[in-house]
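To keep things clear, I will list the structure first and then write my remarks on it.
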């Protein structure tokens, strides 16, 4: 059995030693092991992959028992038991396509039981990949009930993570808090930043030489939240706003796919307003 | 004679044709030629390098005459007649060192007749390169007179460009306007941006995955202004604020040196709030 | 009418002037204009996009007449008249998917009337995009006749460029020469280079920190030929050979798509063994 | 006391547990901890930084005793006890300058007691930094005795690492083997690779779109050996051979400085022909 254990706890001495001891007590053989102590929060994170003849449940029992005095937030799963992602989109397909494509290639270890959209345009694309598609329109009046529907699907389908793959709606504060640390969004980003509408046009008028994208956990503020992954591309004065949008799409899809993969491999630890990423 | 002509004018038809005709009238042979029409401002920019037996002055007369109907802002110089840069620093040496080093290597085609600092710490470094150093302290009381001194040096030494190589003072509005388009600054930059003190510490607390630097022309707002060059580096959670500062220094010096080189080769055209860079 | 003219000729004085004069004679207004003189071959390249009320044929006649003394290789087309690409694949889909996807997004200005494969696996993918798919198996015995079939399709379908999107067959010397400068291949590439089978495994054993991909025109030697585009990704010791293959796929598809786009926009000039790319 | 312990040994179960136990026996508190098992060689590497009240010698004794059954190659030092580097140069200064500069900034944790050159040109630069310079000319006749001199300095000065900062001589097989794993070289590198003289001119004629540099441990073959760090820059057709050389210099100095820093922080593990780098 190939198991992946991750946990965070308050830092103190002896944690690594206790964890490796617990793995030995499972007759486990460590394959990967990473740990980090965050100086700001004083929190300790550890990610340990090990093979063992013990069952997941027995291993969990042993680890919980041995680590108990550190009061860890522990998660342990079989590597083959992939996280389940709900993807939410509006009309733009570029991020969705990359996620579907990488999953088919075997490079994105997630299950995707459902794609939800507030529009119907992408149904054909989704269903052609053998994935269920649900059209849940949203407007100012039905926002609350639409989110209740989404939340119901999350429960029914045992969703681990919600991926906003260019979902052009602001989620309610309640929704964000309910699923904090489990909603990933992709957002364009610029140096300097631009407020308001049509950011690529603003970037063009400002003559930026770099455009970027940021994948982050969603908090109450849609376009902020702890950063998971960022990347950029260099651009020149000759790029039109349409060129910038096209280049931006390419960065967005790569950055979001990278962030989802990191999450799916349990490499992302959320500590307050920042992330620790074991790569 | 190896001449470099640059000009901007309002876009209309026939400019390239007229310019190449004018070069032929100088018995010139075009070595490099680039042009761009900016859709926002409707301005046309052209950079033409050509060899000729005509003198610079004769060539200028011909170009001015032939191009007159376009009312261009024309500049023409011998390639070997390098722009003259005044470098201003405070205490940090990393950007200054790179500029001095690249000039010695022959990779930065500028003359540096003087370095001015509001502190005395970098005198030894500057003088060891055979360059004059002047210590002009500044405080709230003497700011106006200190800037007058700087402006006097700019006049005496025929300075073309002022390079703020980590000069930690805000120049007055009058100074910025007087020399608009001829002051280059280097500024750290982040996604998202941070206001206030200790930006690298803020970036650390926010868990950014990228840090960057922006070289720009100085306008009244020290850290804004038309962008000349930008670059970034990827960082991880394990980088401490000191690590970020160190990485930031490395980006800053590369970006500033690149911007100064582009300027020195007359590759930078300023159109309103954006630049056109011929590379 | 939005026309794009490209030409190469031996460098001499007066070419730009003559060309811009010819455009004026078409009542044309230049939108983009780039030129370069290659010091090695002494060849001059120019790419001019202009709008005009003249027809393409009339414009061609004027340009041919005016430029005649330079004996240029001239090509002129309407921007909307997109190049026609034949894509060839074997079993791997990553490069093909990106090309189809970018074309649908409107970011790859090519027509794709046909995909040919020596295997049948990718038929479903291709046909689901509404594109014809032809399975032309190849072995040592039928290689000549298979290539004749391909060549026949190229003629019938007025193909401008053949894109080898992971086509794992070596084309005959005759085929390569017949279509020289119009076959684009994508090839992994490493520092240092590796000969022989399983290059990613060799790269892994050598502990490379960078892997790359190169898009190039095909010459008699499949994996050499004039380079159009290259890019790399950084990797670490912890990447397994499978990880390297996955990262390599991602670079390959980006680099090939970029190269096809540059070609499709007539930005690529072939001068002996090197390319000039107007970006 | 801030200690840094690194070791490699054959992989088996229980190593991390034993190591963390040993650190606890030193009353140590782990600050950083990284480990990796190399699937090719079956070797295990670990790097542990910890604070303790024990002396370095006591800590070493405890670690050696506790880890004895793994027969580790163990190294333990105080963080403040920096590695000692001998830098070797010929006439080019760019890599040397960066090393001196970064050491002065406090970003390169090495001592540099001596710079040796086979020419005298860089004496002034080195001595102006307060570092001893020795001119040891070399030719076919005296090569053996020159290398004996160098080896004598390495002994006298307790040198840990020899940095070839553009030392344009091939070291003898005996020298390389004597100091295997402790000589770092910087080498330009290209896609594809070029044999023979004037590689930048070859790269130019081939029209490469990327040039790079590789820092590696020196083996008998000067320009091969286990890779420590690599990086690249994008170039275009308009870059002349001189431009490529200039860009290459910039990459070389950054890559070599990075490699020396990684080595100086004991982040580089040499396993057969590949390196493991803990970053």
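Letters A, B, C and D name the chains as they come in the text, with residue numbers starting at 1 for each one.
The rule we apply is simple: a contact is a pair of C-beta atoms (placed from the backbone, for glycine too) under 8 Å apart; a residue touches a chain by one contact, two chains touch by 3 or more.
This is a predicted model, so every value here is computed, not measured.
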Chain pair with more C-beta contacts, B-D versus B-C: B-C
Per Cα centroids, the chain farthest from subunit A: B
Centre distance in Å when subunit A and subunit B are each reduced to the mean of their C-alpha atoms: 41
Interchain centroid distance [CA atoms averaged], subunit B/subunit D, Å: 36
Set of subunit B residues in contact with two or more other chains: 236, 279
Complex contacts: residues of subunit A adjacent to subunit D: 13-14, 16-17, 20-21, 23-24, 29-31, 33-35, 37
In the complex, subunit A residues that touch subunit C: 94, 97, 101, 105, 107, 128, 236, 246, 249-250, 254, 279
Subunit C partner contacts - residues on subunit D that touch it in the complex: 36, 38-40, 189-193, 204-210, 212, 214, 224, 226-232, 234, 236-238, 240, 273-277, 279
